[in-house]
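Chain nomenclature is as follows: A, B, C, D and E, assigned in order of appearance, with residue numbering initiated at 1 for each chain independently.
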Amino acid sequence: MNILVLFVIIPLLMLPALWGCRNINQTRAVMATGSVLLLALSVYLTIDFIAQRNAGETAAMLYTASVTWFAPLNICFSVGVDGISVAMLLLSSIIVFTGTFASWRIKPMTKEFFLWYTLLSLGVYGFFISTDLFTMFMFYETALIPMYLLIGVWGSGRKEYSAMKLTLMLMGGSAFLLMGILGIYFGSGATTMNINEIAAMDNIPANLQYIFFPMTFIGFGVLGALFPFHTWSPDGHACAPTSVSMLHAGVLMKLGGYGCFRVAIYLLPQAADELSWIFIILTTISVVYGALSAISQTDLKYINAYSSVSHCGLVLFAILMLNKTACTGAILQMLSHGLMTALFFALIGMIYGRTHTRDIRQLRGLMKIMPFLAVGYVIAGLANLGLPGFSGFIAEMTVFAGAFGIDDPFHRTVTIIACTSIVITAVYILRVVGRILYGEPENEEHKKLSDATWDERFTVICLIVCIAALGIAPMWVSNLINDGVGNILGNLLASH
Amino acid sequence: MDINLIIFASLAFVMIVAALFAVTSSRIMRATTELLFVLFGTAGLYFMLHYTFLGAAQITVYAGGIVVMFIFVVLLIGKGSVDVTQTSLRRYLAGTAVALTGMVAAIYLINTTDFQAVNFTGDGVEMKELGMTLMGTGKYDFILPFEVMSVLLLACTVGAIMIARKK
Amino acid sequence: MNYIQFFEMRPEVCLLGIYLIIFMYDLIATGSSRRVFHPLVCILTAALVVLTLGDRSHFTLFGGMYESNAIIVFMKSLLSFGALLVIMQSHKWISNSDSYHKQGEFYVLLLSTLVGMFFMISARHFLLLFIGIELASLPLACLVAFDKYRHNSAEAGVKYILSSMFASAIMLYGISFLYGTTGTLYFEDMAARMTGLPIQIFALVMFFAGMGFKISLVPFHFWTADSYQGAPTSVTAYLSVISKGAAVFTLFTVLTRVFAPMTEHWNLIICLTVVASITAANLMAIKQQDLKRFMAFSSISQAGYLMLAVIGGKATGMTSLVYYLIVYMVANMAVFAIIESVEWQIGAPAKRANFNGFYKSNPKLTFIMTLALFSLAGIPPFAGFFSKFFVFMNAFSAGAWIVVFIALLNTVISLYYYLLIVKAMYMKESAQPLERIKSDPYTRISLTICTVGIVLLGVCSFIYSGIDSIAFGL
Amino acid sequence: MEYTILILILPLLSFLLLGLAGKIMPHKVAGTIGTLTLVAVTALSYYAAIEYFAAGRDASGVFAETMPYNFHWLPLGDTLCIDMGILISPISAMMLIVISTVSLMVHIYSLGYMEGERGFQRYYAFLSLFTFSMLGLVVATNIFQMYVFWELVGVSSYLLIGFYYTKPAAIAASKKAFIVTRFADLFFLIGILIYGYYTGTYSFTPQTDVLATAGAVLPTALLLMFIGGAGKSAMFPLHIWLPDAMEGPTPVSALIHAATMVVAGVYLVARMFPLFIGYAPEVLHIIAYVGAFTALYAAIVACVQTDIKRVLAFSTISQIAFMMVALGVCTSADPHEGGLGYMASMFHLFTHAMFKGLLFLGAGSIIHAVHSNEKSHMGGLRKYMPVTHITFLIACLAIAGIPPFSGFFSKDEILVACYNFSTPMGVFMSIVAAMTAFYMFRLYYLIFWGKSHYEEQLALYERGACDHEPHKPHESPARMTIPLIILAAITCVAGFIPFGEFISSNGRAYTIHIDKGVATASIILAAAGIALATIMYMKGESRITAKINQVLRTPIKAAYHRFYMDEVWMFITKKIIFKGISAPIAWFDRHIVDGSLDLLAKTAQKAGALIRPMQSGNVQTYSIWFLAGVLLISAILFFL
Amino acid sequence: MNIPAEYLLILSAVLFFIGVFGFFTRRNLVSLLISTEMMLNAVDINFAVFNAYCHPGHLEGYIFSLFGIGVAAAETAVAIAIIINVYRNFHSIHIKRLKNLKY
């Protein structure tokens, strides 16, 4: 039995188990067991993967397996991982795990919440293990739709509007994506939908690539908050419940970047090379624009959502640089942003759960009231603005160093423009920290509030540890993803 | 000047005029009667084609059956049977335009198409041949449609009765 | 005169046998024995599904007028299965006091249309096809007008029958020109003599329009919304799935068999109508409040997606078409079953607002409804995703990129209106929430079947592969 | 020298321990842990420095750099890699001593100064973090490691400035400090990227042949790095954060904003000196001019400030500018041939760290006594605080450049270097030096001489005009005075260290000799400055002072407002970035980008409404459409 | 008989479209039905003519016409039943009244 399949089977088993739960404790038990199992599985996978690599295993993908699914259409359920997917799986399990605890006390309809939540995670895991275009797309969409209910039912604020907007925009994106996928499949004339095999053939005619690269890239890019298709993100994040924001910003948005890289760049290298400039401009705008927008927001989640736009923009930006360093940086940035933004959303959710407001004009002096959460927030903020020792720094540095490795004025200029985001990030992070955490508490109601509960502390600490671990010892992750990046860029670099 | 042509011309004239009256007359009963003329005319055409059985069927089924049903329903409904109010002008114009366009298109296409008409023999159809065709099971025989038709008629009877009868 | 051929048409013979049994039973049975009428019909129809499925060999009868092969047999079985679902779901409606005395007629009429459809899809001669079509639509008109004392039902019935007659006339006119130019009504012979004359193209369009009427493609769709809304819910379900499915299948057959030399032309027609259908129906559906009317527009747009499978007329298209039909059937039947339950609960046509807060009182029904709507919208992992994907693949491989793209963009709109219902069920609060609905066992069984279908049809690929192994194309 | 790793690890551990477990520790324990760690670090630093210098020079007559540790931390592509390690070289050894000494003093001092403060443990945790970062910065083996610790230093500075997080001014100041330096760091980063790309390494000493090809872009890279350094070292116009940073606890100011962090920029330039001098001498001159202007600007502003810490802050800016100027005026790597400035700069860095640390700690002591930063609350304190008074005076004399205090020696070398560069530069810097003497003694007199604010208040209270008894100033406890005394002692003797023996621009030994002419001139100028201050401020504000204030009203007001640099900053941040860029972008996002999507949705709805009438409910209309559709499709088929 | 086939075809086309025209413009359900009958009738003529003129070998057109008449009768029967039902419900067979279902 292939170990990767477990990533799908465990959530699949959790679904009926959750459906059968009769009370909240059973639900929690199922969720805790499931998420711990998944986490353990991904940790085991990571260790085993590294061990295999160290043992000299050089195949592009490990743990590959393929079961023919729809034989007449050459659709297989093929799985396989390279370093990138391993890293993303690890990230997903961490976020799912912590997200479970972040929504430990969600009400009402706990069971249903976790049901959709598990379906969402099923999609995410499935996406990362798939090497078949069809299953990849299937899991991609599976991951999108539960968002609607999760936000619409358990969210806050203009939740219905936001949920609808988010779902529709992402589905609009996937319309483009499906065009791209079909174009790739039929364009290559392949008798398989396996990504690796299509890439090995590398025979999609250039004129088709020019049509389908933008489609694929936009398709995934919408989920990666590509300007100007990012507006679902602020509203969606703002209205989503905590763990959903975490999972969405932490993992789901990564599907976009990962897909751009794994599908658009890998399979359509020629067009990627020729057309990247268009998207580089868009992503550069994303990076700076997101950060600048974040400055004048007053809702904590909006700030973080725009910050996500900026950071995810950086992911796509780095991918489009089409060199190994930058792409490694992109993956690192995905991991890093996933963890950081999950932490951020977790904290915001916890603060909101207490104060019932996310308006920074109404919050003040939280450091005195809830020191644990406040300290966590400061750490998250510092990690977000790229403090060395946390994951953001290594990711950004790798991206910038990689982007700077391309010696032409256009790339230089956009890199420098993108670099400015680190300053702007500092501005909005510190603005918030200064505004809501520091100072004397003003609202009498707020003074009575309590600090974090055990499950909340657990969530926050887990995430901080992960962020710091990645930030302090980046070498192993960097090595882990290196081979995958090299392999994906292989076709492209070979053509140069 | 062929006698047939004269007959045909007069038939055609009667039919078209009757048809026009049938679709414009404000009294349903009159329209029904005009329809009857059209149907008779059609039967006349069939006779001209020497399709006597067809013509007979036309007269019995159409003229004898359908028109009677119309008359029946018109009488049943009584005063509602007057088609006085004209349709809205816009729809009238649109309808006329579309119908005219269709007619022009159809006539144009008929005129420009060579139907490879072989010489009309005017042999007519013998009843036996007709019977064999209807009862045969080979190619160009029609027992199957005939049987299905029976189901259709049965179903329609059941349906019509179900709808029309009172509780 | 080989009349033994009749008995080789096994599905039709079985169906007619059942038809007769029911007809007789209706005449004979009185009093308490009528109570088992419904279960009897259910069992007989179920038996039909199984019996139909038996013979998979390929043969022609009556001089090539009738054809049977594996996919046709499968399709017939599928249609019977759909009819079974409809009959099961109609239990509550048909056993209420207004309709109880018309129970027998209902079954008879329903099965008549089924006979018509069987002949439609087996026909290899235009006369048989025409009679099949009429047999499939005339009793349906009676069914639409079945609730005699409801204004809407009567109005829907008259609109349906008039439109239907108009469409038949147009179609017949087209067929007459085909006959005139080729001198035959047999599909094969006609295809051999098809030369692509302008008048043949004109006739093709007319024929297409006639079938488009039954499939309810824009611009031949206008009757759909009104008739669906007015008809009894079970009949609407029947119209939206089974009647439509048979028509699409027939159209596919005729286009590939008869109009093969004009593939380019009908591909273009399909592209035009598909784009129009999906777009117009979606735009119209957004504003609908009445659920049945809403489902009518949804079914128009689904018909558009169905037609994507016809583009190109390839074997994969046939496979995806039949597959789509199965998937569409289970999802749509589930939705209609729930609509019907709600209608019975509130005693009036179901509006979207009636579903507000539905989750609170009826979590299970809501859940099934959600799955069904997601399936209709094409959301994985439900079956609708797979079927949509496959029709897109087919259309794309036939080169209709732009159509596929437009259709894909339209899925967003369709998702929007499906989500509106989901939103109502989960997120809206209602002043007078519905009480807990207690479904009758028939509905429950049929819902279970549908749910299982929605969940498993996509995942279990052997269904698709099985269809593919028997599908044929151009 | 593997033990040097402990120099970094110990403070880090201390930080982690205090940071994580601080909440449950008593203040005393936390303070002790922090201080003892620093004692160990200091001991190790001294030991390392002594061992390093004692090992002697190698064959080429320089102290060989040693790298006890260097490992790959993060690969950036196939060739580039960020390394982490420890590099011991003359300047880093010197910096180890400076940092550990001042930091230890501050640790000890804070035991008294911060006693009983809320967040005492946090304070020590941050101090440890800062010490760790700063030490990491100076022992960096490559420019990227330096940048890593550079950022950490920035953050710890941010945390320490904002230590009193309930004070709005502190919050604003910490934010400003971080953002301004971050802004400068952006250029630093770009500089590093350029450097790394063209030289293929982040090491300080790339291959010569690579340098030859990269020569054309090196000046750009180095200039950008200097901007980064200018940010940390508060060069004009990036100096604006430093005066505000005085909102932090005073010992923090002593540590960070006087002795260590602010000289990081100087250290950076010194680190890269071989490259500057070899490939970008013109950039060095830019540095010199920027430094000179900053020195003058800061000196002028310092002359009129009323907050004593502000005065010290501007004096710091001015003094760091001196160091920058000294580096900038170098024209060759040979100390005898125009490379003197390098040694002078490092020397001044060393001495300045000691006496400026002393000044801040002294000021802290005073603030501790009178609970105010404003000079108006002081005056006549010499009676109450004798130790503080004496040590403060020593520091003032040192900074003013009066022999035999250390400042004289180092400043003299700088002036010599300036005169070697060009006479106008020398004269200019001499004048600034004189101003230094003036404003320092102005400060000194205002604090310790003149009318005692306490006595005035007491008199008022006794007359009943004031309803609470004023707080009587008192000498600080030993925990605070001992560091003062130690630093004062160092200040007294540091000038006699044969600095050139250890550090010089080309690494070879250089014997300091005092240029008599320059020395005389500078002493005279300093004395003049002191004299002027004496006249004006010794007995409170004399008539002359008032007269001068009257005549120079406008310039003084401008100088008091720091020539409105902060207003410019506010204008740029609030008006341009916030209101002018961010708010419109946010609006654009909501209304244009998002609006266009909503518009799309609306259009769909509108289109739906538009085609609705087609479904009129009339069968005839339907049929018309039906036939029209047939005809239309046929037409399309025929004509297409 | 030497009437060209086209004449007959044109006659049937004219009848067909007169029927169409009637269907488009009449206001009474029975009138609509009459118009449809006219259309179906025209189609029957077509089949007969084609059979007689072009393809006299077999009786396909002939039979089609025959069945067409039968189907028309069946359709009329159902339609009339429904119209009667409409009349019962609406007390009118005016098409204007049938406007409950729209948009």
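FYI, a residue touches a chain if its C-beta (ideal position, glycine included) is under 8 Å from a C-beta of that chain, and two chains touch if they have at least 3 such contacts.
This one's a predicted model, so the numbers in the text were calculated from it and none came from an experiment.
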Target subunit E, source subunit A, minimum contact steps: 2
Partner chains that subunit B and subunit D have in common: C, E
Distance-to-centre winner among chains (Cα means, whole assembly as reference): A
Chain whose Cα centroid lies at the greatest distance from that of subunit B: D
Between the pairs B-E and B-C, the one where more C-beta pairs touch: B-E
Reference subunit C; chain at largest CA-centroid distance: D
Between subunit A and subunit C, centroid-to-centroid distance (C-alpha), Å: 42
CA centroid of subunit D to CA centroid of subunit E, Å: 96
Separation of subunit A from subunit B, taking each centre as the mean of its C-alpha atoms, in whole Å: 70
Geometric centre distance via CA averages, subunit D-subunit A, whole Å: 37
Subunit A, residues touching no fewer than two other chains: 168
Subunit D residues counted as touching two or more neighbouring chains: 612, 615, 617-621, 623-624, 627-628, 630, 634
Residue numbers of subunit E (touch at least two other chains): 9, 16, 19-20, 23-26, 32-33, 50, 54, 58, 60, 63, 67, 71, 74-75, 78, 81-83, 85, 98, 100-103
Touching pairs among all chains present in the structure: A-C, A-D, B-C, B-D, B-E, C-D, C-E, D-E
Parts of subunit B lying in touch with subunit C, wherever the complex brings them together: 105-106, 109-110, 112-113, 115, 135-145, 147-149, 151-152, 154-156, 158-160, 162-163, 167
Residues of subunit D that touch subunit C when the two form their complex: 604-605, 607-609, 611-612, 614-615, 617, 619, 621-623, 625-630, 632-634, 636-638, 640
Subunit C contact footprint on subunit A (complex, rising order): 69-73, 75, 123, 134, 137-139, 141-142, 145, 148-149, 152-153, 159-160, 163-164, 167-168, 171-172, 175-176, 178-179, 182-183, 185-186
In the complex, subunit D residues that touch subunit E: 612-613, 615-620, 623-624, 627
Residues of subunit C touching subunit D in the complex: 158-159, 162-163, 166-167, 170, 198, 201-202, 205-206, 208-209, 213, 218-220, 222-223, 225-226, 265, 268-269, 272-273, 280, 283-287, 413
